[in-house]
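Pasting the structures in now, so scroll down.
In what comes next, chain A is part of two complexes: it sits with chain B in the first one and with chain C in the second one.
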Partner chain A sequence: MNIKYVISASLLVLLGVILAFLPEKSHTTEIGPDKLLSELNDETRFVSTDKVADNIINGVPSVQLIDVRPAEEYNKFSLPDAINIPLDSLLLPDWQAYIDQEGIKTIFYSNGTVYASQAWMLSRRLGFSNLFIMKGGLNRWIETIMQAKEPDQTASSTEIALYEFRKAAGQFFGGGTQVAGSSTNTKKKKKVVKKRKRKAAAEGGCG
Partner chain B sequence: MGPLITQDIIGGQWNFVIAFIIGIGFGFVLEQAGFSSSRKLAGVFYGYDFVVLRVFFVAAITATVGLLFFSYFDWIDLSLIYVNPIFLKSAIVGGVIMGLGFIIGGFCPGTSVCASAIGKIDAMFFLGGIFIGILLYGESFSLFKDLYYDKVPVDKMVFDALGISQGTFVLILILIALAAFYVTSLIEKKVDKVEY
Partner chain C sequence: MNQQTHLKDHKKISLKLPLIIVSFVILIIIGFLTMREPERKFVVSVDDMQKAVLQRNETIKPEEVLKIINSADESYRFIDLRNPHDFIKGHIKGAINIPKQYLLADEYDKLIKDTSKINILYAKTHDEACGPWMILKQLGFNNNRILLGGYSYYSKTGTLAQNISPKDYLDEKPKYDYAKVVKSVSGSAVIGSSKKKKKIKIKRKKKKKGAEGGC
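And now, the complex of A and B:
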């Protein structure tokens, strides 16, 4: 047999053996920059505070809130049922199972929008989907839900409905202006929920 | 890094230019390997010449090994490479037709172009036949549409279906190739040499 065939055959076998014993390549599912850019221009990743409040009140099971602020801020105040994953530990493998849930909408929030956006970007780059950001963060939350401003008398009916919803939600979350709503016992909560549901049709336009 | 065009590292308009250069290289290799002779190609079926099998099998395993190593070095992102879905039925029907054409005409589509280029008249006739076939198929496509689009919902990759790693599969493929080369060389020795 020709010596050059022997050499090339053994070379191929050697390369094959190397390939067989190389560890499984971890395929990075990072999405490409062009796709990320087009998604950044797409505003649908933002969820309004009203929608988040609506989800919490109705206990929508397919939505999870992730608080990306540091743990001490989370302990002082956070939205009900939110999970605390500080931004600096977002990429730890322990947390990834929380973020990477196919059927669950993940909504990030921070005090403003910046840190939540960073969390969104990092997670999106890892190829996770179904990610959203609460627009305006907790600042907007306080502004709109906890301290809802009464609209003018001349405001449109949708604005008034929105205000009604916000006021009710504010009471639900223990803020607002209602005198009776100072304590956060569960019986009160249920009442408020009913009130909101009556307005459901009008409220749908603002979510 | 790669694939270059998919990731816009070089512009999409280069696609045809690169295809043209690779095409010339491909034609050159085919001609070099003697594929412009229909007798050599038919030799696979009669058992006197297995160059076709050797060239294509070597090309396949070389490319496989190369791509996998490139992937390990992060020079290419294999997830961005388009892999055909499995069209099992149409592949079988097409394979039979192609095989018949191969053994009757003595060329496969690529080699017929290659042989026409060096002036083989039978290859030119073969090429004419290809275009008539394309025309007829195109005109009667609606008859074959269901067969054409009949995908099979199974594992796309053989190594996934077998539950082995990609590397192990490549090693097995290399061993099969080498065994095939050895066996066919034995057959070649047994069968009377055809001069052409």
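And now, the complex of A and C:
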């Protein structure tokens, strides 16, 4: 009779040991290929230059802009309050804390759309959420906001309203202020970043 | 007598106890073993993928594509990632249409796994083909290239090599001197409006609760 209890107890211990080792392999926050591909079809990850301009003008606090271009390009010109995280240092643990903030909408931008999309893909694979891409990048920023084209006389009222917004926004962003603001240090704005503890396993990716 | 039946019951249960526990253990182990594993997994780590992205050498220039088309080079295969509607309206000769959402579908499994040819991926723009390329790359396929400029550029230039110029199809090439343009915008406005600095009034859009989530 006693042996039975010993056996059952040891079985439970064994189960405990097995359980302790089993979940390890499936315990990652990384996103798999199928999910990532389905997200590629979701166009809501793109943000227009107008929306970004609107966010900056209104000082929406829950949004951060991340400039993924190299530092020298960032120093020449960047959008107000943008943080510079060049694509080649995107995965450094220090920067990850900036990107991985669920409560803050992170918008990546570059000169075009490609580098920002790449930054999005890499960060998204790591499981970071609330990430967006400024469609068209700075090239489109200049074309739409700084050099807004006057619509035809036959344009609809929404087009005219958009033009008026762009014109006003262009004046808001125009002038020496942005240029003068291009300080030498890469971090313009000190932000308190909630550092999330990452396990070492997260770095290695999916083995 | 009462106590006797108690004992009996106890004995009955204790006899079954190991059996119960064993079945319990087996059940849990089976549960773990049959846990659904994702069918596909990335084989390239995020860090390696970042390096591959930074190398930027798995692209193909429109002028090279023209050469491939003109010489009917059999070692290349064009994959059109746009939707069938756009594909029917026009595509590169000989291209296979795989709408990007079906990239990993069983239907195209064989084609994707056939690495004997080099796939030239294209969509409307460069960045649209970039995501699918990254997914395939991370799954371990190294035979894919992205058409720079996408189909929109290709269709614009037609088949005329002399119309092609890198500054038009490189998405990330700055088209403007940003700082200069930005400076000029208000600079001219200020100078133009005599001495008085124009007061810029910006209509602030009222924020509705829903508006933020919008984009």
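Heads up, the rule we're going with is that the second predicted complex is superposed on the first by the 146 of 207 C-alpha atoms of A that agree within 3 Å, B and C clash if a C-alpha of one lies under 4 Å from a C-alpha of the other, contacts with A are read in each partner's own complex, and residues count from 1 in each chain.
Just so we're on the same page, a residue touches a chain if its C-beta (ideal position, glycine included) is under 8 Å from a C-beta of that chain, and two chains touch if they have at least 3 such contacts.
Because the structure is predicted, anything quoted here is derived from the model rather than measured.
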I want to verify the contact counts: of chain B and chain C, which reaches more residues of chain A? C
Would you check which partner chain A:34 touches, where first means chain B only, second means chain C only, and both and neither mean what they say? both
Thinking of the overlay built on chain A, is A:71 touched by chain B (first), by chain C (second), by both, or by neither? neither
Which of the two partners, first being chain B and second being chain C, lies in contact with A:92: first, second, both, or neither? neither
Contacts of A:20 with chain B and chain C, given as first, second, both or neither: first
First (chain B), second (chain C), both or neither: which does A:132 touch? second
Should A:12 be classified as contacting the first partner (chain B), the second (chain C), both, or neither? both
With the touch criterion stated at the top, can you tell me which chain A residues are shared between the chain B interface and the chain C interface? 5, 12, 15, 18-19, 22, 32, 34
In their complex, what parts of chain C are in touch with chain A? 14-15, 17-18, 21-22, 24-25, 28-29, 32, 35, 37-50, 53-54, 100-101, 103-104, 125-127, 130-132, 134-135, 138-139, 170-176, 178-179, 181-187, 189-190, 198, 200-205, 207, 212, 214-215
Report the residues of chain A in contact with chain C in the complex, numbered from low to high. 1, 4-5, 7-8, 11-12, 14-15, 18-19, 22, 26, 30, 32-34, 36-38, 40-41, 44, 46-48, 51, 54, 57-58, 60, 62, 73, 76-77, 87-88, 90-91, 105, 110-115, 117-118, 121-122, 125-126, 132, 137-139, 141-142, 146-147, 164-165, 168-176, 178-179, 182, 203-207
Spell out the part of chain A that touches chain B in their complex, as residue ranges. 5, 9, 12-13, 15-22, 24-25, 27, 29, 32, 34
Where on chain B is chain A touching in the complex? 7-8, 61-62, 65, 68-69, 71-72, 78-79, 165-168, 170-171, 173-175, 177-178, 181
